[in-house]
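Quick heads-up: structures coming right below.
What follows is a pair of complexes built around chain A, which joins chain B in one and chain C in the other.
Right after this comes the complex of A and B.
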């Protein structure tokens, strides 16, 4: 009996050790498979996630953090309302393309041009999210698969648009023309870090206000807890669904716009899909158990893993996909705490029958 | 029209249907056992990579298929550990497994074979194809189902076995009961968790074979993110059919048909992105039609 009680008290600690131990064994195995020099790999990882000359790598971590946190907020907004919108990828891509397209048209307006293109990115992202909302509410399609399947049209249509009608043929790649310099997001003085992170911080604050100080945030949270309660209270559930999804999609669109205006300055086919920004965002939102306050931390954590792994590839020839593997394993170990999500999704008919 | 409907078109239907069918069969038993497994994409992807790995190093398609199955079982065990033992959310685990398989297959591709993007090698042995002399005289059957890989015939057989198995066999009954009400099974002295674990292993096995069909049946190469949404199409098919094997089979033949059609109409000068989009559009359209019908008949208005 005694030993059982002690085990019970120690259980969380053992769990944490178990998780860390497994992750370390996994990293060790993966590094061993790629014949890496361990100390070199470790040095490369630390140096390029938070170090570098004039902190250059730290700033690149920050710029990745902006995108990942943004996508995490977009996912979190929907999940919090019990809406399993995993179509963030499509919303991100559509937003990014719309922003690049408008950016080319309004490149003479300077600051106002930046605003217009970001707004158009927002609108495109929100439209794409509303489309999946429409399918869910009026057609009875489960949001989980509906939003996911809309990723593919978004990806292929933008891919078509940038490789045929709007292609910069001379660059040789499927991408749009380079935006003119006066519509790029300005950099922080003496760095290569653009102002995108400030915009994401602004979005973060707005979302905090919406979550904790507005009627919509309150209703949306209640819907996440219990749909039938919200329905029985006579609240307009459809309106809440559409508002929540529009907010989620608009944030994804902003993230796409920042990637276009701040980092790449054009829309290249696959530039937002390949780094798995949307999926990393979803994972980051789940890592913090849908608590908005900690999203920047999770975003920084995952961004640091990404840039660290990129550094490891440069220095020790370890493929950078190790970051993706580590993220997946981390979320697997965190996932045991999230039993409530199933209840949310099954009550919405996602589980079918 | 003759450009589209040439012999190559008919023989590609079976080839393209098989991976989706095998994966969807795996998904359907999970569905019947009440496990919401939407990680089929990851299962297929890792299976495809492991098939190439095994076939390359052992120079044998059988070993390739075997390693592919091991890849699927590996993910099944991970799924079971985190879903059954640690009571994790199946949707989140599925998302994590998709990402894990994508990362792992790309990582291993680059660290073992030292290439990125595509790996192909003449030493990758392909799954043998079977000639059926009986149907050689019937032109349409000969075009459609003759000279296909073993896995195609296997998958057709599995459809019917699974149908009878779920309907009449004792173990099939247990699987259905686990899905409907695990407490009933518990009270009759059978551990529902054990049944679920076996179901997950079976799903991993089938999805591994699906991956093998994808990578070493016709082409003998592995491409990064090779499954390219096929797992999701399988998930949608499973959801639409409620996990019943026979309707699933018919629906997936439709998807396979569209898939091979999209390959053929590329020759007509349509841009590649639009033709690649076609299977997803059809999938979405079927999903919308069926869901809308369900909504109207059962008036299951959610919001």
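Right after this comes the complex of A and C.
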């Protein structure tokens, strides 16, 4: 009986240890196959995810973390209300473009210009999310399908816009003109990390308040857990659906905006799609079992994996493909192991406040 | 044959579900297992049929200890269980469902259907069961589906049948037929373990009764050596309070009036529905479920569009108003399916006590909720309705069925609304909670509420309702007033549709 109890307490630790052990074995195998130096690869991984001269790489991890966390929050807001909005990518792209476009028009206004650009990004993202909500509520298109399919028009319409009408032809790439420095997001002193991460932190705090302290948060959580209960209780389900989606889309729009104003300073075709920010955000939201408190942690984890794999490639000459596979292995193991552990603990009621 | 459970103890995390319990089951006996929700009946049975392997103690088969590693193992030893939720495949025939997973194919993998069919037919004849083996399961009634589950076990040579609340879904008539079959099993020396909440059934069919409370065996004795009252007291652990039925003067004001309502195309051949409920009155709607009660409730609540006719609430035509409008105007609703329709069970307890009234100044300022006052309110409900819950912050999922139902009842009755729609309020909960909820319904009526009570339980309608109607295939009978033959009159209309149509026309 006693040993059984001890085993029970140790169980999570053993699981985690086992997960790490398996990861290392697999990575070692992959590195062996690709003929790379193991210790060099490891050093490259760690150094370029959390190290670097003056912590430069750590800051680039932070910058990615802001975007991934932001998209995770966007997904989580909708998922919590039982709305499977997987159209974060479309909302992100539309928001990013709207911000870049507005930014070109208001570049003389400095700080006010930044605000206006971000707000226009939010509005665009929210509109795109509401479009899928409209299809669901009034046309009967399942949200999962509608939101997913709206990703493509978002991608290709913006792609057209930056390839033709609004193209910076001189640059040779399908992208808008570079924004004036007036409305770039400022950097933290002596770093290359922009203030975008603070904006995301602000969004995070606002969402925590909305989730746990507002009427909307109260109703939308219950809607996520039982739609028929909320409907039969006479709550305004349509209003909750549209508010939730608008919030989710607006957050995606903010993420698009800080990518434009803080990192790229223009909108380039595919710059928000290729790094899979939206999808990584969804995985991160699922990994923390829709518990908003842990989103920054998950965001940091995914960001570190991406920058680390890139560093491994650069320093240890591990082929890019293998680096990507290693990245996938780590994510799968962590999602599998930690995911199942958080699920277990949440079955006894979630402890989110 | 004899099965003994010796010193069984089951622990879940910090909770002792079964505490050092010993029990014997003998062949040719119907052994009733009764107790409140969460008393440990299901936990005990899950040990016996091999689902729960985390227990201490022994299972003895004719005094020989046995072990198994899965329910499949248990069924090979002749122990099978019929659950409340059937595990049948609707698209397959009865015969295919029976042999599924136990096909007895030959060396080449062919199934000799003809041979199996004769075997099963012999079984049916032995126990005098009526069943068409080639019918698709989807076309069967609930009672027939349940019988398929039982035949499945018989075909696997089960000697012990564990039945989990088998009559919860049956009509009185079907229950009679079902009990006849159980008596045939008894004649063939089977051990029948009957988990139930209905004491009347225990009294009418069982030979032996065991009462569980808080994981302990309170009493196990021959039925003859105990009485209904004793059993009830042993289940609850104290004397059941007598229902306090105050005489309430029914006011003339009609709270709800339904005029020539057509519910759905499914009942296109039935007569339009007319009914009314006055202030201070409980109108019972009896009938086997699936005869249009659900559609009627949904129409009154506004979640279903009606074909024609009108619904008036407090002299206002609400036929085309939204659910939200109706609920705000003062219609309370206690649904049958508390887990799906009555609560968000994964949300916390305190998050389930407020619905449309969240905008009240008491519970929110602007967009913000006043968590503290909601929690205080939740505590108030919990005290007033003696709801057992370990923590306001734990999810509703951790509560027992009876306590979940009390939570729904507490929330819906505390608004003091003029009209309350109640659907099978005591479905699947224990006698203690039933008595409690019945009393609360009578109390709110005494305060002047009009109540529409839809129930499959004749007892419930008899105890609570002032008058009743019966629903049958979308038709609604004339009002049956409460007199000495109240129960008989309702029952006779429930059982036969022919009888019933005569009544409408007459």
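In this section, the second predicted complex is superposed on the first by the 287 of 353 C-alpha atoms of A that agree within 3 Å, B and C clash if a C-alpha of one lies under 4 Å from a C-alpha of the other, contacts with A are read in each partner's own complex, and residues count from 1 in each chain.
In the analysis below, a contact is a pair of C-beta atoms (placed from the backbone, for glycine too) under 8 Å apart; a residue touches a chain by one contact, two chains touch by 3 or more.
The structure displayed is predicted, hence computed values, not measured ones.
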Based on the superposed arrangement, let me know which partner A:55 touches: chain B (first), chain C (second), both, or neither? neither
Is A:137 touching anything from chain B or chain C once the two structures are fitted on A? First, second, both or neither. first
Contact-wise, after the overlay, does A:228 reach chain B, chain C, both or neither (first, second, both, neither)? second
For A:191, select first, second, both or neither according to whether it touches chain B, chain C, the two together, or no partner. neither
Chain A residues touched by each partner, larger count belonging to chain B or chain C: B
Considering only touches as defined above, state whether A:219 meets chain B (first), chain C (second), both or neither. second
Show which residues of chain A both chain B and chain C reach, each in its own complex. 348-351, 353
Any idea which chain A residues touch chain C in the complex? 212-219, 221-223, 225-226, 228-236, 347-351, 353
Residues on chain A engaged by chain B in the complex (per definition of touch): 30, 33-35, 84, 86, 135-137, 139-142, 144-146, 148-150, 152-153, 156-157, 159-160, 163-164, 227, 237-238, 241, 276, 279, 282-283, 286, 318-319, 321-325, 327-329, 331-332, 335-336, 338-342, 345, 348-353
Could you please specify the touching residues of chain B with respect to chain A in the complex? 31, 36, 38, 78, 82, 86-93, 95-100, 102-104, 106-108, 110-112, 116, 229, 232, 235-236, 239, 242, 271, 273-274, 276-277, 280-281, 283-284, 287-288, 291-292, 294-295, 300-303
Taking the complex as given, what residues does chain C use to touch chain A? 13, 301, 303, 322-328, 333, 335, 340-348, 351-352, 354-356, 358-359, 364, 367-369, 371, 391, 393-395, 397-398
